[in-house]
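Heads up, the next two complexes both have chain A, just with different partners, chain B and then chain C.
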Partner chain A sequence: MVRSPYFTTLTTLLSYRILFLFGHLRDLFEKLLDWSKLNNLQGYAPICFGYEDFYTRRLHLRIQDCFERPIASAPDAWFDVVERYSNDNNKTLCRTEKTTKCLNLGSYNYLGFAAADEYCSTPRVIRSLKQYSVSTCSARVDGGTTKLHVELEDLIARFVGKPAAILFGMGYATNSAIIPALIGKGGLIISDSLNHNSIVNGARGSGATIRVFQHNNASHLEEVLREQIAYGQPHMYRPWNKIIVIIEGIYSMEGEFCKLPEIIAVCKKYKAYTYLDEAHSIGAVGRTGRGVCEQLGVDTADVDIMMGTLTKSFGSCGGYIAASKEIIQYLKQTCPAHLYATSMSPPAVQQAISSMKVILGEDGTNRGAKKLTQIRENSNFFRSELQKMGFEVLGDKDSPIMPIMLYNIAKIPAFSRECLSQNLAIVTIAFPYTPLLLARARICISAAHTREDLIKALEVISKVGDLVGIKYFPVEHLTLDKVKTSTK
Partner chain B sequence: MASEIMNATSNALFWISSAFDAPTRAVVFGVPIDGHLVVEVLLVVVILFQLTRKSYKPPKKPLTEKEIDELCDDWVPEPLTPQITEEMMVEPPTLESAAGPHAIVDGKEVVNFASANYLGLIGNEKVTDSCVGAMEKYGVGSCGPRGFYGTIDVHLDCEARVSKFLGTPDSILYSYGISTIFSVIPAFCKKGDIIVADEGVHWAVQNGLYLSRSTVVYFKHNDMKSLEATLEKVTGRSKNPEKVRRYIVAEAIYQNSGQIAPLDEIVRLKEKYRFRIILDESHSFGVLGNSGRGLAEYCGVPTEKIDIITAGMGNALATDGGLCTGSVGVVNHQRLMSSAYLFTASLPPYLASAAIGALEYLEANPSVLTNLRANIAILLKELSDVSGLATVSHPLSPIFFLKLKKSTGSNKTDMHLLDSITNQVLKEHSVLIATTKRSSLDKCPLPLGLRLFVSASHSESDLIKAAASLKKVAAVVFS
Partner chain C sequence: MGKLYVEAKPSVDLNKNTEWFMYPGVWTTYIAILFVSWLLVLSVFGCTPGAAWTVVNLFHFAVTYHFFHWKKGTPFAEDQGIYNALTWWEQMDNGKQLTRNRKFLTAVPVVLYLIASHTTDYQQPMLILNTLAVFVLVVAKFPNMHKVRIFGINAGN
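Moving on, here comes the complex of A and B:
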């Protein structure tokens, strides 16, 4: 967990106070001068009451140009960012025809499959597009299962190391639709405090009781488990039907791995089921890309349910669940996303199959192994350089996600706009993705980045970091020139 | 020893009697305060004090570590999933070609009525070419959520195209069909709001209603009188109409019955009782109306009167993803409040360009809708007298819905019967038909049935063959 220094927290709070004050003043003037516009709802309640969208109207709109930047090419290592302008102080942003070529440090393109790939896109995906068409327009159980879907499910099961797998068209819907099928009222879900919104929604939709344990803290998990099993359900004290503990492989806002061996040990001791969400870690970490289990040396048979997405490392879309044959067969009968939703688009399935084959080395080359080594080297190099420069960087070694702490809300647009003017596209994250006081910039390293790209990025970040003032830790003696000469 | 106790007792008695017999020291309000009065008042005070004390409860002892260990050892969880039975092992038919009107299933050619390919766009060359172009330019996936460089210019073009087609101010794209509606509803409806919904809505809508935590009241399926009565009841109860948001949720064409919602009636009621309307047009977008603009065009209602329209693009538009359209305020609200928009990767760009291609095709060829309507009419005529099955869908609905004339008693046995019919139809006559599936999480009370998705590219012989085979098999099964 991040702990911000006192002075920074105070200044952040102060800046929020000033912004809130100005926001309230503006609201007051709006009420006084524009009251006719506000009162013409003719008896309907407004869509948003007073303070529900205060943050959106008064704070987010000021820095709106840092988010939702459109691009005009594939999200590869270098891409074209469309320029936008605003005539009314960021309230509306207009597209132009002009684009700027920028270095991409924001897209989830861990193994570089985002752009047209010689093995994947041309010819295989295009061939499957011509054979199976864009969509099947049907749910999996009706007439939407093609040979490709069956092939991909077998391949995923083999890749992840589980007996069987089931495929869905969207990662978010996988969590939201699976968790209610597995557990219902009378069950208990214990989830990590920093879990993703899809898991939270799935847990809420299931009707089970939810308890949270401190992020990555196996001893707190043990405390919670002991207390819950001993006292049972609230009010009636009946024992729980079952307990599922939900954790993620890599936490995308912190860049750190979960403490998988300890948590699995605790769950096995107390007979709780484990659900591991490997959205960001599958394909990107581990010696052969098989995810956090391989990285931390945990046997996949110890995790009951492994979930993952195909968007990040495989350049496709969709999600999967891998578990034992019985669980998968049961889910095929009950999971709403399997019974009702349109099945995954066949070209996207082919893209996932091809990229998985490249990673496994089954395409006849060693491109997969090269990509995996490349991303690991890139991540470790970049992280160590940033730390040497004095930035507060989160995340573990070998993790391709690097959040750089900004804290102050004004540093978000400053950092983002300044980097863009120097042709570096960076993602800055504010509320509601992170807590209010812990704003950060997040870097996602890709195997498609070359060493020169990374050095250029480091130069720009260092310059902008000095300008904006986010080097919270003292700088080491090694300068960037020495790095350039040492790596030549 | 005894004498001392005797002395103490007699002393105490002396004090008590002197207190009782004490002369009047004062007169308050005309009442002489005698000694005994003081003692009686004290007694009353003590009684009242005792009455106000809580009853004694023995203190709760927390469990010791050893006891917790024992409880943990004794606890046995249920298995994660129940036992798999024989019938659960059935696999769906596997396609080996595109899901057009004729598909190849398990090696042989079948007539396909299980794909919602209403405009016949599966296999359309122009759409395929635009997808190839998009894939070569943008790759396959979009590798990021909309907020973080996942917004590609194709998405913005698609949103603008949809708005232009429907005549609404703004639209927003989602990356998956069913997650559209179950993310839109919680974005607008919060705890304390009131929603009046049709009881036959599909699972995604039910999930959205549950996640919104609002008060949900259901009205009888497609029954306007029941809707009016429910609205009357709900408005009567709520005190302050301008502080509580109120919504009516309905589908344009109901997936679970093939009925079409009477939009003009609903709009009249909504304006009378001051509700907003959320309409799910997944199966009517691109189908109803003279130019395919949906239920509003069909019923002659101006689109401004419908507050929020959502649609899945996996049906008439033959692509994937979802869209939501409405006023600028409605759409902008979703860009920061809708979870399936914010926290997930955006739609793959080739699917967005397929959607644009589909809309262009529809605008250039409105005759495809006449073909579709003609096909539905043919099927209606051919399937008017099937033994054991009754048509319940609307004559204009592309989802042709047949339910059992007499239910066998439970959903499970109904399902068996319907599955046996579709299996026989597929095996003996090579026609692929779908049954309505019901997940254990689905609370829809409508009866199960068979669904035929009619496409504009079905030929007359396809329709006659499907009708004939269904009639034959039904005659055998229900004899």
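Moving on, here comes the complex of A and C:
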């Protein structure tokens, strides 16, 4: 629930109007003055229709230097950002040889496994690289299943708390290839309104009917379920083959958990299946890192299918699905991502195995437990400090993702560029990845951040926030100096 | 205004081209833009208030007709072109007719017409132009005109 000042909403709408107007004027002038250049494609259909790329050309390209910045080192707590310059007003960007060392508040490096780790990378991953080579070069059903893949699937099943699991090489492909294998025409998918693009693509590709319920609103979900079950399939009014409700563990643009107990209760009442996408929450939340089910106290047997990715907390790549033995057996025979796609690279599998063992404590040390407490303390400290300074920060307690609301679109490049000039790398997010009026800067806290890093980041953000004017809420009186002396 | 806060609830509308219209403050911004443009026309041209309202009315007709009823599709490619045959007006509220937003947007040209014709004292050349503008706009917003293309105008891709 975002509370924005009314005046800010008005000015944001006005600024969008002005930008659109200028964009259309530029298009008009381009058509009038450059009409000779546009007409040399006689008989060929255009690659994109004139209006489709309007947003990219006229709005996104103007602030292109704030997005997709290249880096020159591993994305640890501090990393090297490559400097870029542009000679034609951000239409094209040129890289230079120079890099700046910046504090990394943008990588999904929740437990700090993104850089070299003494247990994971040396010697285990390098040993598996020498033994199994970089890629298996075949699909899982051909020659792509090694001992490591089987070990990781068993480990994932044990970690998540389900009977069996299946592994894929890419997290996005997990969602977009599994959902069509689970449900088809004649089925109903009810997904949260803020679900990730991979789920939307998978749902569209499945051919099932899609309905959306209001974000995290279990009573609206119940309303939608009742209405759909009563009406049945469109045009035929027959009962649905199956109904799957898809939700995420942590929503990466809001930083808040899903209301899992209420939603599971509604689904059980109406006998709908549940699909939980724990891309950001597995390994990062929960007392022992087992995700939102542990955090919110839900039994994993109540969720039918649990999906997750190994990219964020485990420092590897790929995704998994954990469910009952029958579902996993069925998926192994039908899912194209298992039958035809190349299997996950063995060193990446070993990295996931090692990091999971560290989190579980099976490497013989308590580094896993220390990392989990570190990220929880870091997140809570950072969020409470930001809120005291007057920023509007979203997200629940214990969540390592905190978006800071910016609203006005001109504040996006202002905030981003000013922070970069002070050696703080922050990701800013604009439309269409968030709703139009709710542009934000998103911070991802990591267990690799020390308290000094966070205090430095808070100082920079406070200064830049004053310059840009995003302290929308009244400031509380406890200042940063008092916090520094109280934590020493 | 002090610190007046509004809640911005994310709406269920999947079409990103129209979901921004559900947020608080949109109607106020629309009316504010019309009023400020009237003041601008008055200060730039130094004409009578009635002539200024006529200019605003005609500009409003041109701009809203172009963006609401002529331009089809959405300005981004992520929705894979499922709305490419629909104008913005037809995409609004997922095609549902007679919602609050649609009623408001139909009322605005009518109110503008009343103000413009009243301040010009119903004199001739302005009256015809204003009436034509409001007639075209209101007819284009009728529920029966949903997806109708007269004589095939604007039907092509």
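Note that the second predicted complex is superposed on the first by the 486 of 488 C-alpha atoms of A that agree within 3 Å, B and C clash if a C-alpha of one lies under 4 Å from a C-alpha of the other, contacts with A are read in each partner's own complex, and residues count from 1 in each chain.
The rule is simple: contacts are C-beta pairs under 8 Å (C-beta built on N, C-alpha and C of every residue); 3 or more make two chains touch, one makes a residue touch a chain.
Model, not experiment: these values are computed from the prediction.
Visitor: Looking at A:Lys312, would you say it contacts chain B, chain C, both, or neither? Reply first, second, both or neither.
Guide: First partner only.
Visitor: May I ask you to decide whether A:Leu14 touches chain B, chain C, both, or neither, giving the answer as first, second, both or neither?
Guide: A:Leu14 sits against chain C, while chain B stays out of touch.
Visitor: Based on the superposed arrangement, let me know which partner A:Pro163 touches: chain B (first), chain C (second), both, or neither?
Guide: Neither chain B nor chain C is touched by A:Pro163.
Visitor: Is A:His215 touching the first partner chain B, the second partner chain C, both, or neither of them?
Guide: A:His215 sits against chain C, while chain B stays out of touch.
Visitor: Using the superposition on chain A described above, determine whether A:Pro261 touches chain B (first), chain C (second), both, or neither.
Guide: neither
Visitor: Now for A:Gly390: first (chain B), second (chain C), both, or neither, which partner does it touch?
Guide: Neither partner.
Visitor: For chain A, what residues appear in both contact lists, the one with chain B and the one with chain C?
Guide: Residues common to the chain A contacts of chain C and of chain B are 48-49, 52-53, 56, 197, 432, listed in rising order.
Visitor: Which of the residues in chain A come into contact with chain B in the complex?
Guide: Where chain A meets chain B, its residues are 41-45, 47-49, 52-53, 56, 60, 67-76, 79, 81-82, 95, 104, 106-109, 113-117, 120-122, 125-126, 129-147, 150, 169-173, 176, 180-182, 196-198, 201, 204-205, 225-227, 229-231, 239-244, 270-273, 304-305, 309-312, 314-317, 326-327, 329-337, 339-342, 344-345, 347-348, 351, 425, 427, 432-433.
Visitor: Would you pull the chain A residues touching chain C in the complex into a rising list?
Guide: 1-7, 9-10, 13-14, 16-17, 48-49, 51-56, 193-194, 197, 212-215, 431-432, 435-438, 474
Visitor: Which residues of chain B touch chain A in their complex?
Guide: 63, 67-68, 71-72, 75-82, 84, 88-89, 92-100, 103, 105, 112, 114-117, 122-123, 127-128, 131-132, 135-144, 146-153, 155-156, 175-179, 182, 188, 190, 202-204, 207, 210-211, 241-246, 274, 276, 312, 314-315, 318-320, 329-330, 333, 335-337, 339-340, 342-345, 347-348, 350-351, 354, 432, 434, 437, 439-442, 453
Visitor: Spell out the part of chain C that touches chain A in their complex, as residue ranges.
Guide: My answer: residues 1, 3-12, 14, 16, 19-20, 23-26, 28-29, 32-33, 71-78, 81, 84, 157.
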